[in-house]
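Questions regarding the structure given below will be posed in turn.
Chain naming follows the written order as A, B, C and D, and within any one chain the residues start at number 1.
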Amino acid sequence: MHDMFRLAEAHRPSCTAVEFPETYRRAYRWMLLARVAEEKIASLFRGGRIIGGVFLGRGQEAISVATGMALRDGDIFAPLIRDQAGRLAFGESLLDFTLTYLGARSGPMRGRDGNVHRGRPKEGLLPMISHLGAMVSVVNGMLMAHRFQKKENTVGAACLGEGATSTGAFHESLNQAAVEKLPLILVITNNQYAYSTPNHRQFACNDLVDKAIGYGVKGHSVDGTDLSACLETIGGAVCAARDGEGPQLIIASNLRLAGHGEHDDAHYISQHFKELQLGRDCLDVAQNHMLAQKWADASMLDIWLRDSQSLVEEAVAHSLREPAPDPAKEDWCALASRHLLEGNPPQPTHLN
Amino acid sequence: MHDMFRLAEAHRPSCTAVEFPETYRRAYRWMLLARVAEEKIASLFRGGRIIGGVFLGRGQEAISVATGMALRDGDIFAPLIRDQAGRLAFGESLLDFTLTYLGARSGPMRGRDGNVHRGRPKEGLLPMISHLGAMVSVVNGMLMAHRFQKKENTVGAACLGEGATSTGAFHESLNQAAVEKLPLILVITNNQYAYSTPNHRQFACNDLVDKAIGYGVKGHSVDGTDLSACLETIGGAVCAARDGEGPQLIIASNLRLAGHGEHDDAHYISQHFKELQLGRDCLDVAQNHMLAQKWADASMLDIWLRDSQSLVEEAVAHSLREPAPDPAKEDWCALASRHLLEGNPPQPTHLN
Amino acid sequence: MITYLEAIREAQRQALENDPRVYIYGQDVGAFGGAFKATKSLAQSFPGRVLDSPISEDAMVGSAIGAALQGMRPIVEMQFADFSTVGFNQIVNQAATMFWRTGLPCPITVRLPSGGTPGSGPFHSQNLEALYAHYPGLILMTPATVEDAYAMLLEAVAIDDPVIFCEHKYLYYHLKADSLPKEALPAGKARVARAGRDATVVTYSAMVHESLAAADELATEGWEIEVIDLRTIKPLDTDTVLASVARTGRVLAVGEAWPWGGVTAEILARVAAEGFNLLDAPPMRLNSKDTPVPYHPNLWGTHRPTARSIADSLRVLLRS
Amino acid sequence: MITYLEAIREAQRQALENDPRVYIYGQDVGAFGGAFKATKSLAQSFPGRVLDSPISEDAMVGSAIGAALQGMRPIVEMQFADFSTVGFNQIVNQAATMFWRTGLPCPITVRLPSGGTPGSGPFHSQNLEALYAHYPGLILMTPATVEDAYAMLLEAVAIDDPVIFCEHKYLYYHLKADSLPKEALPAGKARVARAGRDATVVTYSAMVHESLAAADELATEGWEIEVIDLRTIKPLDTDTVLASVARTGRVLAVGEAWPWGGVTAEILARVAAEGFNLLDAPPMRLNSKDTPVPYHPNLWGTHRPTARSIADSLRVLLRS
């Protein structure tokens, strides 16, 4: 689809060292594309062109992209609301994003679901339901299926915010993964707030990574604003999981650099955090790092930005031309077994 | 009611050192009474006199009694299925036990609920629902109410098995208690099995007490077969909670010396465990300890046993004479607001 | 002018003011004032009594139950009704059974921001009243007006039983009234929202307004449609429904929830069983389609009943 | 002779044998064979395919959904139907919406040991079929016979949609058949369990047997009662119900679940709406009482419908 952004499988990080600066550059470009794409959607939202909520990953691109990039074909990815960068890196088409946000019939959710609730489960990309924590055990089950099917060396990653660690679903599923020793990578992005709720109203442990030992899983902490650290930490955790070392719990610290959704002005975010290292914009950090390392120069950054912008403009323009769903043509059937729709004649059952 | 077993409030352990041997003897006698009472019910069950399940605390009396004894008037207790000893120590009448198991109309549950599902919430004793983990947040709420009501220095204890730590309810409620810094004492009795399920299919951490740090609560481990240790550990934890140190998680290790229920022969329990220290019968351990310490002699033990037996026989005899519920006289109304029962005339609402 | 949402806020303010036993607990309800601002400024006005909870619906409800047993009157806000499924067990097995099992009342109010709005999709649009109404021991309120949103929420807090308060998100801003009421019909009492003689629509919550619009439309065709607003769906005011059917001889039950079971089935079952001889034509029902609630407004507008589809159903009913 | 419980076990054995995609997951289902022994010896016969789960109903169902998406056919055993309330969200929001949202089928079977038995009390006796049937995207099976327990469970595993399989605990040991069937009616098709001409009882699961006993009793009084066993309550075979009502003119819907909503409401609503002119008398329904299920057998025997209370209702129906 987006050829310039389509990376050959072989270039994805394997279970060896992360190949800087190539990987880093690739990661940066996904992050940039995600940022540009989301800003475009945000501006469409402000213009009244988006129906429903808009949820951005601004400030979370580094941890997200690191997760998406560490995965490969056959792996499972269950992104959450702030994982635009990871989705792109995992292989989700930019069009899936724009078509879904714009409610097109031709998007993967066909207008039935919207915004961040999209995925292609056949391709390993799970479409989140809203109930926080609920996707993790689904990833577990996919990994259990791989085990039954002798599909080896696959892993599954699920992303959550720190607020979602308070759900029963988080707990049951992480424990389940630990008992089954599944290659689950559970990435918790601790962005200091769950909607408006600060961490001291959400949990009381000193550090969320302290939860790992209580589940018997490996815990990792990482600065979520530092792309290098994210690539290395997630890369390492994915390798460990792939090598049979069981579930990996990653806690990335950062700050949400946006409202909970675009309707929210995030006035409640404390200035204090903005001044800390975790308040940095990971995109700036990555850009400065590349410039300092001479992995890119200003003109290159500019080209990448413009490439991203034109990709996004193109995807949006295409999506805006796509027809909306037509209720008259809609197949109002929630069952895969059409013969069980009431009104259809039932078939006799033969047992063997 | 059972005067010889009614202990003056002042004799309950306070937030100072446990007063051996008096406390120990008292504890032993509750344990013994619980054991005798449960054995009686089990024999009635074998004789077909009990309808529904029978669940024994055999082997768990020490940790249970320590919990019940550490609490005092105004505190909250949410026992689970193996807490007969703790219930008695907390002040539940033996008759509540026998009347409920025998389904009498005059029992606290009036035949509406049975066996271990009894309580007197007005007196701080919560009647468990079956869903494991569900009582803990109810205790939290009662403690929150105390805080609102400026009822100071009360605590609440909830008991669970290790299997129940896998529930979402366990997790949400312990986290809630930690966030609210509630004086919750959560006693987990790790008896190695949840019904037939061994620990390695239930969790993967090395030691359940390692969970404490991940919630930011204090963790304690104790040999559940050793009454002294149980009294000291629970006593200490309760004091800490009462002193404002927040939730206390206690992990007691032992073995269930009975089937999951009396219908279960527990054939799956590994011989290995029976030979370990945790496989000891806490009642034997306590008895030997008292004899060794000369806190009691054989004749004293014998008198206590016979006292227990006669109390139990009396309670059972009384309960057997009590009438069963009469469906014709039953008040089939699930609402406290009778005026909202359909058929009753609604009252106008005045708002102020 | 006061909106439906403001009425809910005012009722909570009243409740907090009048009754020291009341407190509010839910995600972001504190300083932030709630996802929909239903508790805006209450934390500031009532320090320590409007508490942010962790994202733990099970523990939220469980703790409210415990507090209620100790004499408090908690109001729990679910961020969306849809998320109450993860607090479901505490509501239906702990709160709903408490009084019957122990004789001790369990006066909690659980607020469920319910129902569809354009673009909300499968997990922010659900109408779950039928789930809860199925269980013994719960009161189900489904206010359709600003006045009822206010009066019934105050009543919910006063009631000794657990009340599931289904407030409709579509009405939050759309519905306005001049002032708040001083008196109101009690729970268990339905309201004739519009008098008529040709057919009765029995409905509740947002569908009251779609039904009234349908009645307006049919009025232009010469039909007089009576619209009953149930207000509470448990207890359900069969008498008012039957009295209306006695007048009109025809009944259409309309609900925004899914078609299998639910309020419309209960209404038809009661009318058929208790008012069979009042009927001049087969009773009808209209619900949403039997799929998840779609995200796209085009689909959503067809998925749920609307003034137009209600009017169409009424035309069939009137001809039958 | 084979019992209803054994039929469930045999169906699972068959499914495991015929289809490598099948596995079983639940508390104590492995070496122990399940709380009711419904999976006895299966772990031994199919190593690695019958797995003990932690006490985590949400994760149990969630993982089954994931496995199904990857091509497996999991069977999840809830230890009691009552505990499915804590796995509720995954069933109704994840499994039930999957196909409609993504086009990918989600073939899981969730076995719910359901219904009352003496002494089981409020939390081990529940009938939750109406909850699940309310949601789009689920199939609800409620087998009443040994043959159906077997055939429908096999069909459940074969069906591409999530199936909630409500097996009745009271029938586990009480019900016996000579052998297992080779063919069966499909899901969505009701069965005339007893032919009659004076009135129709529409029912399902354990209440089929109470209704048959009531029909026997009424036969001694000269009445011929037709009994319809719905078999699946979603999809619900309205045609067979209406055909019966066309013959008898009278209908009583009987369910063991609570009275508000549920299967009996749905039946009456459909009969009234679609078969109004077939009725010679107001349709009736009979459910349990609107309280939690009581522990004591004296109370339980009055709480749920029985042959006697069904016969009493039928006498009223026949006189009306």
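Note that in this section contacts are C-beta pairs under 8 Å (C-beta built on N, C-alpha and C of every residue); 3 or more make two chains touch, one makes a residue touch a chain.
No experiment lies behind these values; they were computed from the predicted model shown.
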Query = So which one's got more C-beta contacts, A-C or A-D?
reply = A-D
Ask   = How many Å are there between the centre of chain A and the centre of chain C, using C-alpha atoms for each centre?
value = 36
Remark   = CA centroids of chain A and chain B: separation to the nearest Å works out as 45
Remark   = Chain centres from averaged Cα atoms put chain C and chain D apart, in whole Å, by 30
Distance from the mean Cα position of chain D to that of chain A, given in whole angstrom = 40
Residue numbers of chain B (touch at least two other chains) = 109, 112-113, 117, 129, 131, 166-169, 172, 175, 179, 201-203, 333-334
Task = Can you tell me which residues of chain D touch two or more of the remaining chains?
result = 53-54, 56, 58, 82, 85-86, 89, 93, 96-97, 100-101, 122-123, 136-137, 236, 289-292
Inquiry  = Please classify the inter-chain touch graph. Allowed labels: line, ring, star, complete, other.
reply    = complete
Message = For the complex, give me every residue of chain B touching chain D.
response = 51-53, 103, 109, 111-115, 117, 129-132, 163-164, 166-169, 194-197, 201-203, 268, 324-328, 330, 332-334
Inquiry  = List the residues on chain C that touch chain D in their complex, please.
reply    = 58, 82, 85-86, 88-89, 92-93, 96-97, 100-101, 122-123, 130-131, 133-137, 234, 236, 257-258, 260-269, 271-274, 276-277, 279, 281-285, 289-292
Request  = Provide the residue numbers of chain C that touch chain B in the complex, in ascending order.
outcome  = 14, 18, 23, 49, 53-54, 56-72, 74, 86, 89-90, 93-94, 96-102, 104-107, 136-137, 139, 150-151, 154-155, 159-161, 181-189, 235-238
Ask   = Can you list the chain C residues touching chain A in their complex?
value = 27-28, 30-32, 35, 52-56, 58, 80, 82-83, 85-86, 118-124, 289-292, 294-299, 301-303
Remark   = chain B residues touching chain C in their complex are 76, 108-109, 112-113, 117, 119-122, 127, 129, 131, 134-146, 148-149, 168-169, 172-173, 175-176, 179, 333-337, 339-342, 346-352
